[in-house]
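In what follows, chain A forms one complex with chain B and a second complex with chain C.
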Partner chain A sequence: MAADVRAFARTATELYRDVALAEKHHLPPHDHDRLKRAIEEVKYHSEEAQNLLKAQEQEQDDANGELGSQDWTSNPASAAAVLVHYESILRNKRLMLAYVHERCQKIKAFRWRLGNAVPKEIVDRMAPEEVHFATQYNRILSEYMTGAGVDDRLGNIDLTLDATLPPKEPYVKVLVKRDIGEFVTEEGKTVHLIPGSMHLLRRCDAEPLIVQGVLEHEGYA
Partner chain B sequence: MDDFAQHDEDDPLTQHNTNVDEDPYARLKRAFVNERACPEILQYEESLVDEAVEHVDMQQAELDDRRASAATAEAGRDSSASDDLVDLLKTMELDRVKYLLRAYLRTRLYKLETFSLHIMQDSNLFSRLSQRERRFLGSHTDLLDKLHDDLVLKHLPQQFNSLVQQDTLVGETNDMVPSPNLDTHVFIRVRGDLGRVNVGYSESEPNGRPSEVDMSAGDQFVVRYRPIAQLLANGEVELL
Partner chain C sequence: MCDYYDKDAILATTEACPVNLTHGLAAVGRYVDPCASANDLPPNTRVEVPFWIVPTLAARALANVGTPRAVYGHGLSADIGADPGCVDLRARSPYFYELAMKVSGEKARQDDTQTLADDPLMKLARLAFQGRYRDLLVKALSGNCEQDKAVRTLPSLTSEERELFESAREAARVYEQWRNTEEPRLRASRTVTNVTRGTRKRSRGA
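Right after this comes the complex of A and B.
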């Protein structure tokens, strides 16, 4: 493994690039192998640095018997090597954390955009740890929005609404994208939402459906 | 934001800290704009939110009543056009208040998520949060911790396994906690005559000199956030 390990954080860079260059709403599959390799590289760098440090200590003990003195001037090559190993560790660490963080942001965005119903093909691209995170994030966000366990006056408030701009009119023009058949509005009227048809709906009725992608916001009345 | 402009016409700019007589809608709007434009999280406007919720509930109940009585009356005669118009206006107002409320809370939630660790570490910032926000922040930080730990950190050598420090052997400071940039510039409007105000650097900041400007009611400036943070907290200026 020594050969490809000398790439100094190249694996981690590729790892991060994979998610950084992905399209906004696209989550690439979790790259377990590369992540594991990057971790191995950190271990390798860490061991190498430790060995160099030990060798240096040994050398100095032999020379003057003085413990803990750090005189690298006689040995600039290994001093530089230790530094490069050290910097490689930090760089690897940051890249890996950035990778996890970036994916985490995307996973959160799914919750906001699609609600609880994250499609299976997206879940399949997550690591088990990420699936756990997604479930738990969903839970704490719902807890916040329903106000579970807190005593305040806010009640139940759905913050994932407002896919449209600030309200100008009480009615919005929407285009039906998906067939969900009959829909009963808050006022108790029934609308047939047939794909391709346009409707004028009240904001509060239309909002949840726009977020779900059943309707598309076409403009104001 | 132009949609809300008409509410601003009678905004008493000359008033000092006296939010009490002001339209609650204008105050909620200001809370939202301040929060939106401010790099750090501000004090949670609890009474304002409560008031808005109460208002929404009341209006909603009233609307429901009107609809119910209109439905029974409709059998007898046509519902009058003016009633419909009033309904429409009330619905619109309700939608706007709700929108503003959600936008306000969402903006705060976004800051909580972005600066989780930073806010958790700072008791002053933490004290600005509502009960709900505190709960959310606590669980959110734990989740983030766990995710990064399980995937990366716990596999690294001990020296490098901290989420908040690059290297735990070097110093005590947490050098990996993202925090908002308080030196960013913001647009402000002065709400009352304040006289000369230092918008340069204070004595505790060695990298610059103080510089004073005259602030009178209604003036607008672009200034660094840090020097005016306290004025904003006192309600003496507002962000734009």
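Right after this comes the complex of A and C.
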């Protein structure tokens, strides 16, 4: 038997712990190596269980000449070992699925909080499949938002804006922190956003930029 | 299974739990418990295994479930009887209540004569929670020096209690905001600020 003390879902547990205990706003780099090692372990458990099953079958065939009978009562210790291997496979599967699931939830949350502008540092920590997931998710969400306008005159609605409460003031006072050059508002006006300058913008224009850290919210008009 | 993806359910079942292997265990002894004496374990050996292995073995009468002494032993009931608020449950296990429920659930399933409510472990967990819950809310909701109190209280809370603590504080904050009728100031996302500052906050600590 391969003497791998890391077996019995220990690798997968570490893998999952990494993402499960990370801070809410933090996405740890995708751990491809550990994931691969966990899959290797599943293969190892499967082989071991198969070997035990075969040995048991052999023994029984020798004993009573009946083919394919499975009676474990004479050998409960091996039965326990098979169960341990079997549970390890299921546990590995659960941990790996939970790992993928947890990361996808985080990626979705980024889309809702940050809009399209997910920082490059975050994208670098994703696996290629996750980047694909992010683009596809982005696409269906945009499609939905285009179609969700209750009133045709409203056109596109950005559902990711923080609209839990109706704003008291339609305009917000903002300070420009980063230079992004010219910005076209929803009303079609062009604003030059030069760092250090103050502007009075409509809330719906300003909100995504504030969340992305381009503008700083100074107060209400 | 409804808690298949649940973070707490998964992490709670990684905690160690002692079992008595009624029929022994072939070949894998040292892998399930690194402290075991050999790989082939004879009948009636006590080992510590991660809890996720326990239900399958217990359901087939291959193992008897014991109480995790490291978590629920060492004079815990005396400590909780004295002042539950002062006991550092997190040092014992971050999933103190979840594990207690799971272990007593397995015990009750094995032993028909015992109901879940009678289990001493269950009673202990309930007593601890009753005593700590009020303490926790008072600390979470008391206004001014909340930062200071939070810093002192948080390290001894289990993960479930932390969640309660944080929701209480969030509720208090939102209530305060509503009472002062101020509109929340819009802020940059934490993800962006973390990245631009180059600070990668490490995990919250196991």
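Here, the second predicted complex is superposed on the first by the 150 of 221 C-alpha atoms of A that agree within 3 Å, B and C clash if a C-alpha of one lies under 4 Å from a C-alpha of the other, contacts with A are read in each partner's own complex, and residues count from 1 in each chain.
As a convention for this text, a contact is a pair of C-beta atoms (placed from the backbone, for glycine too) under 8 Å apart; a residue touches a chain by one contact, two chains touch by 3 or more.
Just so it is clear, the model here is predicted, and its values are computed rather than measured.
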**Study point:** Contacts of A:78 with chain B and chain C, given as first, second, both or neither
**Key:** second
Review point. In the superposed arrangement, which partner chain does A:12 touch: chain B (first), chain C (second), both, or neither?
Key: neither
Practice item. Classify the contacts of A:136 with the two partner chains as first (chain B alone), second (chain C alone), both, or neither. Key: first
Point to revise | chain B or chain C, by number of chain A residues touched | key: C
Exercise for review: Would you check which partner chain A:43 touches, where first means chain B only, second means chain C only, and both and neither mean what they say?
Suggested key: first
Review point. Regarding the shared-chain residue A:217, is it in contact with chain B (first), chain C (second), both, or neither?
Key: second
Point to revise | Which of chain B and chain C A:169 touches, first, second, both or neither | key: both
Practice item. May I ask you to decide whether A:25 touches chain B, chain C, both, or neither, giving the answer as first, second, both or neither? Key: second
Point to revise | First (chain B), second (chain C), both or neither touched by A:97 | key: both
Exercise for review: Return first, second, both or neither, reflecting whether A:35 touches chain B, chain C, both chains, or no partner chain.
Suggested key: first
Revision key, fill the gap. The shared contact residues of chain A with chain B and chain C are 94, 97, 101, 162, 167-169
Check your understanding: Given the complex with chain A, which residues does chain B contribute to the contact?
Key -> 1, 3-4, 46, 49-50, 53-54, 67, 88, 91-92, 95-96, 99, 101-103, 105-106, 109, 113, 130-133, 135-136, 139-140, 143-144, 146-148, 150-153, 155-157, 159-160, 163, 166-167, 176
Revision key, fill the gap. In the complex, the residues of chain C that touch chain A are 4-5, 7, 10-11, 14, 21, 23-28, 30-32, 34, 40-41, 43, 50, 52-53, 56-57, 60, 62-63, 183, 185-196, 200-206
**Study point:** chain B-facing residues of chain A, complex
**Key:** 35, 39, 42-43, 46, 89-90, 93-94, 96-97, 100-101, 104, 108, 127, 129-130, 132-133, 136-137, 140-141, 143-144, 147, 149-155, 157-159, 161-162, 166-170, 187, 202-204
Point to revise | Sites on chain A touched by chain C in the complex | key: 1, 5, 7-9, 13, 16-18, 20-26, 48, 52, 75-81, 83-88, 91, 94-95, 97-98, 101-102, 110, 113-114, 118-119, 121-122, 162, 165, 167-169, 172, 206-207, 210-213, 216-217, 219-220
